[in-house]
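Chains: A, B and C, in written order; residue numbering restarts at 1 for each.
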Amino acid sequence: MTSAISAIQRSALGFVLVLVLFGALPLVISSYQMSIANEILIFALLAMSIDVLAGYAGRTSLGHGALFGASTYVVIYWTSVYGGSAWVGCLLGVIAATLIATVFAAFAVRVSGVYFLLLTLALGMIVWGVCLRWTSVTGGENGIRGVGRPDLIANPTVFYYATLAVVLLMTFLMWRFVRSPFGLTLRGIRDSESRMRSLGYGTSVHMFVAFIVTGFFAGVAGALYALFNNFVSPSTVQLSQSVEGLLMAIIGGVGTLFGSFIGAAAIILLENVVSAYTARWQMVLGFTFIGTMIFAPEGILGALRWLISRKRWRRSSNIVTNDSNTKGGTKWIADNF
Amino acid sequence: MASLNLVQILNGLTLAALLFIVASGFTLIFGLLRIVNLAHGALYLFGGYIGYSVTVGTGNFVLGLLASMLFVAFLGLVIDQGLLRFVRGFVLREVLLTLGVAFVLNDIALVIWGGDTFSVQIPAALRGAVRFAGIYYPTYRLFVLLLGILVFIALWLLLNRTRLGALIRAGVDDAEMVEAMGINIRRVFLATSMLGASLAGLGGTIGGAFLTLYPTADSEILVFALAIVIIGGSGSLVGAAVGALLVGMLNTIGQVMFPELAYFVIFGPMAAILAFRPLGLFGRA
Amino acid sequence: MDRRQFLKATSLTVAVSAAGTLATPRIVRAADPIRIGLMAPLSGVVAAGGREIVEGFNMYWEEHGKQSGGRAVEVIIEDDAGNPDTALQKARRLVEQAKVDFLFGNLLANTGLAVASYVKGNGVPYFIPVIAADDLTQRNRIRNVIRVAGYTASQMPRPLADWALKQGHKRIATISQDYTFGHEQCGGFAQVFTEGGGQIVSQLWNPLNTADFSPYIGQLGNLKVDAIFAMELGADASRFMKQYSDFGLKGQIPLLGAQNFTDQSVIRTLGEECDGIISSAHFAEGSDNPVTQKFVKAYSAKYNKMPSLYGFSHYSGAMWVDQVINQLKGDISNRDVFIDAVLKSQLTNSPLGRPVRFDDYGNPVYDVYIRKVVKNKDGKYWNVPIQTYPAVSQFWTYKPEEYLKNPPFSRDYQGIKK
């Protein structure tokens, strides 16, 4: 199965690239730039959680930003207001995000397409509304200030590598998840739900679990963000968080997993560069959205993959390649997304 | 201690009237073109700013209304023909593209009019308040209520008594069938797009007089419009009216009685409907 | 820090460039410019005030040749969008990437608190002429966060409450924006009002950026009160005043405002809906003090509008810091020395027309005017003093140690005497 081996090889290459590139960065860049790279890693994880649901399960969500931010709130609240340990706080944050994802999933399991998008948007807004108005707990407009990281990871460089390690671990777990039998079933559902149902697969259960799993990963990203930013406010859970996360996933390439790193880097670097010269970042972001949708909805990595698989298809014209991770996958993206 | 009285009820109704004007455009576009136009809020705000500038420049409120409706209809045309054309048929791409348009429009408005808050000038006849049933209520808000009702009647007549309206209704039900019958459905789509957009522009100028215009007003009104159209059902005028009444009243009462739950009171029902009855109260598949 | 950067730059051959990063070593010489990071909300509900922060600040430096203590002054401006997350991000960028010498500005309390918690960690001086969160000079004092030409939220409304009692008002309701600044202003008012025998009948709280005040006005109209104390700022203030007038309450129930409520940035675009509203503040653009009038005229000539609190505060703040830097002859490399010098200093020649100095807790003491909004001879509205309360500190008539034993103001604790 040459195509299967090369898929694993490609993923291994992705891991190594991320490890080497991000791992070597602190040696050559300033501490401020390292904090930017740190931010990129955290948001890549958020984008990945959205990507798994959108690219492999076929459901585009605008609620994962709220899950991300909810985790941040719990971590900061636990360490700052309650005075607990940061490690326990992170655990609680991830649990909270997963629990809220369970509630979201219960609502969203039978819905797809645009309705799914709007439903997750509405649920995300409820979370935002709670964070904004439940002033006694969340501090309302003021937000909550953190108390700094525990000594072990207080140093920015140490924390950077810790983030890298956690993000790579989560990426690996997600990779295993999408390549597992469960993940393959998900892709089958994505490609044709009716067929899978007639084959006897519980499509709703699969969607339910998939949502919760991606919620877990968004929660991990949120916990990292709490340690990174040392501050949380209603902006952390607001709709724009979900929108930017989705855009990062799209620009990198929906359904490519590693594309999220590219997407997160592209958006965050673009914002830093653009903001240094002009205040018109919102317009640039808008045009990026428009341009991506018209010219490159498969994203950077998606377009690359499609080009490569097309070349291979032409070269071996007698063999039908049906690896749904490449041609089939990008075809689904191209047709449906 | 909060009390629900005639003033509060009127507050809810007048807000509902404005929301209906905006949501009616949204529901037509969603119902017929199947596009969730996330730029609808930006069209509202842009229209409002245009209405403001024209009213200030000419001193005429009606001119401001007309200018905003026409200009935003034109914007709708440009967006449809210039951008959406390239992603026809790909629902999610269309939605996200309109989101990008919303960002761009919002920023352009910020550049042109700045971050200050503006209030559209209303004609002297509509200023002040009327006294009735023991209360004192702003005349302008009553005008908005009346206008909302008029827009409903006008749209109902359009949809049910004109050929275009029949085509729109048929298109909402089954666009392919209409095309198969030899009708240029593209033109119907375009007309609907422009009509929907002009309603957003109208809403902007009307709303700009009592809710004022400011940089985040677009996302606020969009979110209301979404909730209304989801609850009421896409493509349904009656649905938009019922949805607007519900949302308008719930929002006003929510702020009075349960300030903590103000957002939940709107998004809770929206989420529930999407989960259990995605077609909404009056929508059809 | 400088040496390590120098070593890195010389030992590595790979040069990575990112916009605005200085990879070259920074050895401070006397000829180096002083870099100031100014943050203000240039978009959002208080965009008008934010712009005036920038205008007032720039006006001072332009009047004084853009230099201080023999060094050139560079002002780098960032928009905090009225949002604490953005403010934090911009503060980081200014300190870590643009390497400013100190930070200035912000408007909304929540943005100021976010930046304050950031500078607490790195000791960068942060000057806040407008951020009025009480605890920054009370229970949670941060040494390098300094209120040059600033004030605490609860400082200004207290004289107004006293004045209200003297007018014979016994029952008052409050409506305020629901965040720290609102809680503290209302708290200061409620505390003094109830201690003097008055009653706070009801307290309404609205979120920032409320477009439709009708539900709140509907409630207020139903209460039997002698007056209403309103704490709204920016667009919320103009909308509230308009809608209050639309619903006919303007003639019926007198309106008392917090200082930002009738600030120039609000009333200059309004008509008679703002006429006659009473507020209290240390600055009144209609004051007949000659120094104040000179400033108002100069500001009006330059920007075509009368100065607001935001413009005035940042002009005075720049003035204060400039005076200290001149005293130190431009050497602000030792942060401790710089901060000490500021806290011990006195602001002279400010547009208030009288010197200002800090109390023992780092907050200035002012004479506070009770002001009324009236039309001036050009037909524009401005605030004119009708009474003065001298030497009002952040502690009013209380002993600081006793006062600090009370909890900070919040929605639940409004200092109301039972």
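Here is the rule we use: a contact is a pair of C-beta atoms (placed from the backbone, for glycine too) under 8 Å apart; a residue touches a chain by one contact, two chains touch by 3 or more.
Predicted model only: the values in this text are computed from it and were never measured.
Viewed as a contact network, the protein chains are fully connected, with every chain touching every other. Per-pair tallies of C-beta contacts place A-B first.
Chain A and chain B have Cα centroids lying 33 Å from one another. Once the centre of each chain is set as its mean CA position, chain B and chain C turn out to be 38 Å apart.
Rounded to whole angstrom units, the spacing between the C-alpha centres of chain A and chain C is 39.
Multi-chain contact residues of chain A, defined as those touching 2 or more other chains: 132-133. Within chain B, contacts with two or more other chains are made by residues 110, 259, 262.
Across the assembly, chain C contributes 42, 207 as residues in contact with two or more other chains. By the touch criterion given at the top, residues 60, 106-108, 110-111, 113-115, 117-119, 121-123, 125-126, 128-130, 132-134, 239, 243, 246, 250, 280, 282-283, 285-290, 293-294, 297, 336-337 of chain A touch chain B in their complex. Considering their complex, residues 27-33, 35-36, 132-133, 135-136, 140-143, 145-146, 148, 229-231, 233, 235-236, 272-273, 275-277, 279 of chain A touch chain C.
On the side of chain B, the complex with chain C involves touching residues 1-3, 5, 7-8, 11, 14-15, 110, 114-117, 119, 128-129, 136-138, 140-141, 210-212, 214-217, 220, 252-253, 255-256, 259, 262.
Interface residues of chain C, counted against chain A in their complex, comprise 5, 12, 14, 16, 18-21, 23, 42, 79, 83-86, 88, 92-93, 96-97, 109-110, 113-114, 117-118, 121, 178-180, 207-208, 411-412.
Within the complex formed with chain A, the residues of chain B that make contact are 34, 36, 83, 86-87, 90-97, 99-108, 110-111, 219, 223, 226-227, 230, 259-264, 267-268, 270-272, 274-275, 278.
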